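Structure record follows, encoded as structure tokens.
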Amino acid sequence: MDTGLIIYTAAFGLILIGSTGIVLSTHLLRIIFGIALLEAGANLLLLLATFREGSSAPIIVDGRIPAAMADPVPQALVLTAIVIGVGILALALSLALRVQRAYGTLDIREVRQRLEQDIADEAGIELSSSSDAPHAVVSRQDGPA
Amino acid sequence: MQSLVLFIVVVMLCNAVAVLLLKDFLAALAAFSVVSLGLSVLFVILRAPDVAMTEAAIGAGLSSLLFALSLRRLGLWRMKG
Amino acid sequence: MNKLVLLVALPLITAFLLPVINRVSEFAGRWTGPLILLITSALGISLWSQLGNNAVAIELGGFRPPLGIALYADQMAILFAVGTSLGTLLLWPNVGEDRVRQSTLALILAASGSGLALSGDLFNIYVFYELVAVVSYGLIATQASSGSYAATLRYLVVSSFGAAMALIGIALVYQATGTLNLAQLAQLAPTRLNNTQGLAAFVLMLIGFGVKAELFPVNTWVPEVYATAPTRISGLLAGVVSKLALLIIVRLLVLVFHQPEALTVMLVLGIMGVITGELAAWRARDFKRMIAFSSIGQLGIMFIAFSIPGKAGIFAGLAVALHHLVVKPALFLLAERWSGSLSKLAGAAKASPLAAALFILLALSLIGVPPLPGFWAKLLVLVELSEQAQPLYYLGAFVILAGAALEANYLFRVASRFYHTEEGQTAPAAHRMPELATASLLGAALVASVFVLTPLSAQIEGIATQAADAAQYIQTVNPEALP
Amino acid sequence: MRRLSSALFLLGLGLLIAAIFQTMEFASVAPIAGQAINAVAAEQVGAANFVTSVVLAYRGFDTLLELTILFTAATAGGLVLGKPRAGASHDPDSGFILRAGADLFFPLLLVVGLYIILHGHLTPGGGFQGGVILASAFFIPILARPSTTMDHRRISMIEGFAGASFILIGLLAMLGGKEFLTPLLARGELGALLSAGSLPLLYIAVGLKVGSELAGLLAQLSETEASD
């Protein structure tokens, strides 16, 4: 059991936990948390790809080139991926604010039902499973799920 | 070194699970920041100081700030006794 | 030939400066975007004519692969790059209030789509793909209805999940090979990626890039988004963006992943896509969601076609893809005024006879009625499938035929409504001129292609031959020799 | 039904990852691209920080697109959140200590951010990290005084020109007959502040762009009215 293997476990663990959060959570904010965790795991995995123990950071200090430098390519890739991730996160949160303002809830099931209802209303057709139409009931989320 | 890494990894994974399980979103956000910080320490150990700085500034700092701002706007910003 | 990079750089720099330009002059702000796309389209077409049967590679920054990023342009890449520019120009968004932001986003979409078609570096493809994704979110949200925000958010969740999967796949590939350049990966793949890890990487990337290509398990966003987005944006996403995602998967299959299992996975998912898409379209009761589901079915056919090994599969798949590229945006343009319940379409032929006739033409081609090009494309797929002589491919052929029968059923159900007026019901409003003109243009292109079918199919076959040629790719990019 | 299919999906994913974990050979392959870059980067690009060389020179195109993604996210975020209505309610201003602290922090953060950007080719850090600090320098005063708003017009000017200048530097190389985004100017002495050709210029553009983009996004989020 060496250090690399432990960190691999962390990467795959984060990936699994993040995926679970995305698939099984019912609150959209929790799902966004899941996406962030999943991305963190993927970034870690990418950085690990060519990691060797005993290498040094790929920076020249005082003009001396170290013998075994770490691979700088995955580091640059992860840098890019982190910044991309935060851009998408900001957009996701903005959308979540708007959805909350429009529907009064961030519960994924209710949002989905309201969305179906919206589409059906605009098209002028009956919703097929209109048994519990939440149309009139403006459910307000008062506490976290 | 190895025990340090093991410790960080265990803390990170526990906090990652906590992000999904904690009822209070503010607590979940705190757990998420811990994951990000742990990640940036791991990046240092993996000889990637640039990435570690970025993760600390963006992952732990900015992302948490974004989450915090939206929690506030969503009205989910409250501590439970 | 290094002007190729202008296809990406010109729209990007314009997009960055558009808010400033608009402040100086509203007129310039309105017309700069379309003008730039006109220029890039013309540039792309002139590059295409120079290219002939050759291919070119560009080493960005002057660094030879695998050090730097390479762009690779063969006929297929330039075809889709020009297709993106022209498609965005034809479907230039014009609804909503915030015109400057919309034009900015449309320009970025054109740039990123062209780049996606041209890129020859695995991670660069991922970044372009994310860019296309973010731009699509913005464009869908221009509708500014609560439905569109919710649909965008749900789309964002699925798409981010897929992108993370693709990133994991890229990490696995880099872990096994130590390079990201597609040409070098093609050299290394037989020894390094011909194993379980390679297959896993392919499946992860298939899930990731499949989100935009409306692949079976990750296409839950399709009906919601197409029903709530502006119709022009739906046309762009279904017509152009989905093909770009498909193009990446084809490139990966040709160059990197040669396992037979990879093709089987794609075939099975494609079959599932056709079945679920066509059945859902058959059950749909409003126009927009009907054509949305039908596009899932059509992309399923493309997945089935591309799962045929070798040049034959690419030829057949490309034919279906190009046909869909013309037909689906036109259908979405017609949906502009026909959105809503199918029952409200009664008497539409009287209000807008041209639109009704166009719809019937497009529907016939989509179903595959000779002599329209849709028939030849589907025939090609069926012939190639039966030549494989394997049970799963026969199943694919059968499913495509059954799907065509379903398509005929629901599309004619709509068409018959057009000519059937009921008392006391108002016909839907006539189409606006820009939509109708663009749709007619696309319809005319469809009809025109009937008359040049032989040279056209020879041309497509040439493109497919070149796209299937991994050796030419490696030779053109010419990465540094392996240590 | 949804739960069941989700669980099945997760099970499949778990199996896939387990299979990868089982068959993966850890760090068995020499990183072809990385080793080649480590061998030539000091001479070819001239930046002491090789990650900077990769980010701005070897994979500068990725960085350009990454900036575009941030720009797009900010544009789309502006579309989604819209303008705050006039007379919308704000949080009250913070107390004196916080306001004074924020005023004190502003120049400090500004200097630190610029320092990190300017030394990006020598030490860890660079345009992205420095840009985040710049963004926070402009955002913290707003947190202390929520009634003040950010000048979005000026921000959009900065982000437009910063992004365009990145591309323009790339296009200048094309005018000189080289490929897009080829580093320009003399490489200078390895490790000196004025070295690595046009890379510091690019990092300044990146820093300004990232800073203005993120500051704009943060301001948008905080100016949005609370939902209740």
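Per-chain residue numbering starts at 1, and chain names A, B, C and D are given in the order in which the chains are listed.
Keep in mind that, in the parts below, a residue touches a chain if its C-beta (ideal position, glycine included) is under 8 Å from a C-beta of that chain, and two chains touch if they have at least 3 such contacts.
Note that this is a predicted model, so its numbers are computed, not measured.
No other two chains have as many C-beta pairs in contact as C-D.
Averaged C-alpha coordinates put the centre of chain B at 20 Å from the centre of chain D.
In whole angstrom, the spacing between the mean C-alpha positions of chain A and chain B is 13. Taking the mean of the C-alpha atoms as each chain's centre, chain A and chain C sit 25 Å apart. Each of the following residues of chain C touches two or more other chains: 123, 127, 130, 134, 137-138, 141, 149, 172, 174-175, 178, 180. Shown for chain B are the residues in touch with two or more other chains, namely 48-51, 54, 58, 62, 66, 69-70, 73-74.
Shown for chain D are the residues in touch with two or more other chains, namely 9, 20, 27, 29, 31, 33-35, 37, 49, 51, 58-59, 62, 66, 69, 72-73, 76, 80, 124, 128, 214, 217, 221, 224, 227-228. In terms of which chains touch, the assembly is arranged in some other way, matching none of the line, ring, star or all-to-all patterns.
Here chain C touches chain A in the complex through residues 123, 127, 130, 133-134, 137-138, 141, 145-147, 149-154, 156-157, 160-161, 164, 167-168, 170-172, 174-175, 178, 180, 224, 227-228, 285-289, 339-341, 343-344, going by the rule given at the top. Within the complex formed with chain D, the chain A residues making contact are 4-5, 8, 12, 15-16, 19-20, 23-24, 49-52, 57-63, 65, 69, 71-77, 79-80, 83-84, 86-88, 90-91, 93-95, 97-98, 100-101, 104, 140.
Touching chain B in their complex are the following residues of chain A: 1-3, 6-7, 9-10, 13-14, 17-18, 20-21, 25, 29-30, 33-34, 36-37, 40, 43-44, 47-48, 51, 55-59, 70, 75, 78-79, 82-83, 85-86, 89-90, 93, 96-97, 100, 106, 144-145. Residues 15, 18-19, 22, 28, 31-32, 35, 38-39, 41-43, 45-46, 48-50, 71, 73-74, 77, 80-81, 84, 87-88, 91-92, 95-96, 98-99, 102-103, 111-112, 114-115, 118-120, 122-125 of chain A are the ones touching chain C in the complex. In the complex of the two chains, the chain B residues touching chain D come out as 48-54, 57-58, 61-62, 65-66, 69-70, 72-75.
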